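The chains carry the letters A, B, C, D and E, assigned in the order they are written, with residues numbered from 1 in each.
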């Protein structure tokens, strides 16, 4: 993904204009218009383009730096006339099922909102659809409501990711009990690593939305606050579920370890039963396989059958003993 | 459970009317009456019915969404003229003994209370009985007191669920010590999963009732606050017990693992004792079973009895040694 | 313990009257007198008696319910003209050494204090003695000071319980190292369960005394507050010790598990040394025990002594090898 | 240590008087003088002496009780005209290296400071030296500064104890890896117990110094506060280190357990390799050691060498196989 | 590194002077000039030099003590006309890859900033370069901005250290699964120890920057606060990552232990399969190797082939049985 693509949505209640812009300068016309403007920037490779956007929309250099550094922790910054929000958009790798993250930054001004994504994705597609529909509430509200819908889209997507992770966890539960393999262990460790990643990505969102929901910023109107708080509640729910997953995975690991010990115990019992029954008997056969000249038993007529019976009795006796101890 | 059933209780101190309504429109008459109205909605499949109720009672669309999404986290929302409460009603599956949860939502207005349940259940049956009894305090109080009795019924039911879980835990304690099996492990993991679920369901209730007990809402009268705080205390007690259960289950797991190791140790000792006693003896029998032409011992007269005695001494000596180490 | 016993202490600086009352009505005279009155109720089986006491002393029905429900969490409730305190009184079962709990409820009014116990016990005996002594400060102070002495007696008793638990923990420490048995494991699990129980009983007491020490209630006079805070400090100390015990018990469990593994390792080494030395030797004896017609070694004169020496060298070599690895 | 020893330091900027007093009454003269007085009481056995000191310096009976109860939790109490501070002085047993604790109580008035120690020690020796030196700041400051120097001496001594513990921890790290013995386990458990004890002794000191540093007491002058905060910072550092030690010890335990398992695995591999190679070979020798009349192979000329080669191939093959699996 | 080296940067927007000073007295001229002065002190061995600097710049003796004690916990102290900041500068040992720490102290006055380092390093090199460039913002701002750039350089360096640690963690992940050795365990323990060290070094930085960002000090200008908060955000991110690493390392340890158990289980299965198949067969060969005179089977013609077939059937049967149990 080499080029940085910029799509502009310029709208108010009455009309909407959707346009892929070739150069940043084209955005200037929208900035100064009284209509709402959503500048969707996809691809952060072209630093020059970002610098221009920063100049054009008067973005603080530290904010620009944060946008470019995609290892940023989710955070919010409230200034006089703008909001700056960084979040992680999560997705599930279709092939491996692993959770991956991408950084989304939003700069929200009074009449414009700029979103920065690393790669194109379809999480915002639904928002675009609603924008194109003239009868939707989103067309009559300001950039704060647009910001809410984008945040809502991101957080709703978390649930999808959690569901996928939850299914993988459940999938390993049976394997864990019936047949604990090194492969299962490998998967457990992966799950653990992903849960740690999820936690790191989602926990700070709580604070971001809590700050946003307090209504300290003049950008966010009173009427939008209940919506923000709704997203906040969803985030709490996501965090609760992530924590439950962590507990579950820890529990699975304990169970794995216990089960391996259990299986080893079974193996040991089999070995012990076999060895304990046959080793004494083999000793007896060895005894009468010796070549001493003077071994009177060898010449008795009933020696062999008596020995056979003795060995049978010993063997069966041992087996019964082990059976009673539950080893058979 | 396909149909959504709506039962209306309309009451004041003097009379009560209980009625199953066929359509939402029938509720309108009760809404505008000065009497208290409890609309009990069971079944959330029919979205259209819920939408109508929302319109009729002027419920915010976000609240309606929360009611329909049954994976909601327990929460409370206080608006000017209404309360919105979401809780989990817990129950024990009669067949498997497992803990299950169902979402209960309450919308409490000044003269009406609407409750939404996923499935019919008898937790509220007791409340209905008290309503029908003209001499009960509940008939003379407002919807806030009705809300309290419903919350109380739900939280009291938690104790029943905890008791059932506590009994299952105790049931496994002995099994754990005497005979640790894979099955026990499976049950332990189940218990852990249920404790995590319980925790997730019950923890947020604490906050809900704490907020409610602060008396910020105009809906809740001063005289009802002590009752709300009583339910709050019960919730704290439930949470304490859930945490204790988690600790206990973790302790059981550690104990399980230790006990399996212990049993394995016993098995190993048996094997080692047998092998260590008989392997050297078998070697001796093998020695005199060799067919060399020149083995003078084979021709001595006392060889055999001397060897037998030697083997007896070695065997008994080993046994005594192991006995002293506590392996026998 | 079938009957509910009620003992009344009515006192001021000058005189004291101690009386076992047969019916609740007898208490009425004391209630209205200006002197301090301690009504000590032992046994909670007779609900009717409690109901009467509640009526007589004007106790809120929710409070009465809490008194009867002996699974209550320690808590305090401050109302206009009374305090309601619930605590756990702990004791050590003399036979098994296990920690047990009993619920104590105190209703403290301006001139009366009612205490409710499940079973008769001697923790309050010391308080009674001090009451009977005219020269003690307790006789000149109000019910708040009496409440303090009762709380102090209960919390002081916690130290006794902790000491007993501490001794049991120390008792198992050596057993843990020297000879880890299933029985030890059982005891460890019991200790863990009791520590969890202790924690659940003692933690909330901290909050109870913190609230009481804040001096929000008009019942508690300024001069009594330092005494309450002293009990509070003791409670913190109890909690610290309980937490240390939990840490210690967790540490003991880890040590147990490690030690079992250690012992198993020793067993395995013994087995391995025996098997590894004798199995190759036994193979050699088997080799020359074969009955092939053409085995030239069998007919050589020095075969047998050479083989014996070889086996000795192999055996001693292996033993030396294992000794160097520290397995012997 | 039977007798209680009392040493009085009476000083101001110009002169100092150091005196061992025989009876408490001798202290009275110093109490009423305008000079600063440090009464250092060593030994708490003689309750009568302590009672007299309490009377003489007007100490609250609850405070006296706390001084005598040497199991007290570190705490601070601020009253109108005095400070009461309880701390633990830690030391390292020279023989065993174990951490031990002793209670130090300070009663700080406007012109006197009384310190109570259980046993004589040299932690305060440095303070005494500074007192005797006329040019030191301590001689010109009040009792609050003296209290600070004493607290500083105690907390500085914690670092010494931590260092000693840190060295012991490091000392076991290698042992842990190379040769995990039951003895190491015993030491680890001891370390854990001491870390728990340290934690219990040091954590509350943080709060004591935080309260003291807030400057709520009139006894502590503005100019002394930076010094108190400096000690506070040291305490935080001590706590950080104790927590790190706890983490390290927990990590050592996990490592121990893993290493024992590892070693056991090695032992098992040796056993398995020996048994798996020789058991099949021994079977073969047994086969041709049978005495059937009709076993044609016994009479073939090349049987024996062929069998020898076969056994060699099997044995070497197995050995190669195990080598490839990394078991040799 | 024996000598203490002092480098002075004296600058304003127009000019800059960079000078290695031989004695502390040379600094005096810069102190009183209106230009900004950065005194970079490298090497803390020469206590006398530090004492002089302290006198010259009027540094509180407690602060000097903190600078000299290089085991200090990161902290900030705000006084009327100066800031005192202690941090840890982290670096990675190039040979072993281990994380090491060095103490950096900053004393920030209105027109001077003194930095104290233990050893020379190049973390501040970038800051020096920016200072030398006349067009940079740093030349026009006060000492607060200089302090920010130094803090930023230190915290940015943390990310480098974290990255290096992250790579080492990832490097062991595969080793962990495929071939768990004692060496891996040793490395894991090292990682754990370093993570504990990192945590101890980085956590307090959060508070330092939080206090600094609050703007309580008059030294820090309004315009510098956003920059400080940006460093604060980076610190939070560092802490998050350190915590993730701790979780990951704990997960790796659990995985290690489970994997060792797993491998042991495999070894046991191999042993058990071999022993269980051949021990009964060897018993049979022993049986017919006995030398009794009357063993009719020995003389039958088909005995040997029948026995061979029997043994084949038994052996294969056992093998099939074990295969079905998944042991082969």
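In this section, contacts are C-beta pairs under 8 Å (C-beta built on N, C-alpha and C of every residue); 3 or more make two chains touch, one makes a residue touch a chain.
All values derive from a computational prediction rather than experimental measurement.
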Chain labels contacting chain C and also chain D: none
Centroid spacing, where centroids are CA-atom means, of chain B and chain D in whole angstrom: 41
Centre-to-centre distance between chain E and chain A (centres being mean Cα positions), rounded to whole Å: 25
Multi-partner residues of chain C (each touching 2 or more other chains): 257, 261, 264, 268, 271, 275, 279, 282, 286, 289-291, 295
Chain contact topology (line, ring, star, complete or other): ring
Sites on chain D touched by chain E in the complex: 173, 176-177, 226-227, 230, 233, 236-237, 240-241, 244, 247-248, 251-252, 254-255, 257-259, 261-262, 264-265, 268-269, 271-272, 275-276, 279-280, 282-283, 286-287, 289-295, 326-327
Chain A to chain E touching residues, read off their complex: 60, 62, 66, 71-73, 75, 77, 179-182, 185-186, 188-189, 192-193, 196-197, 199-200, 204, 253, 256-257, 260-261, 263-264, 267-268, 270-271, 274-275, 278-279, 281-282, 285-286, 288-291, 295, 297-304, 307
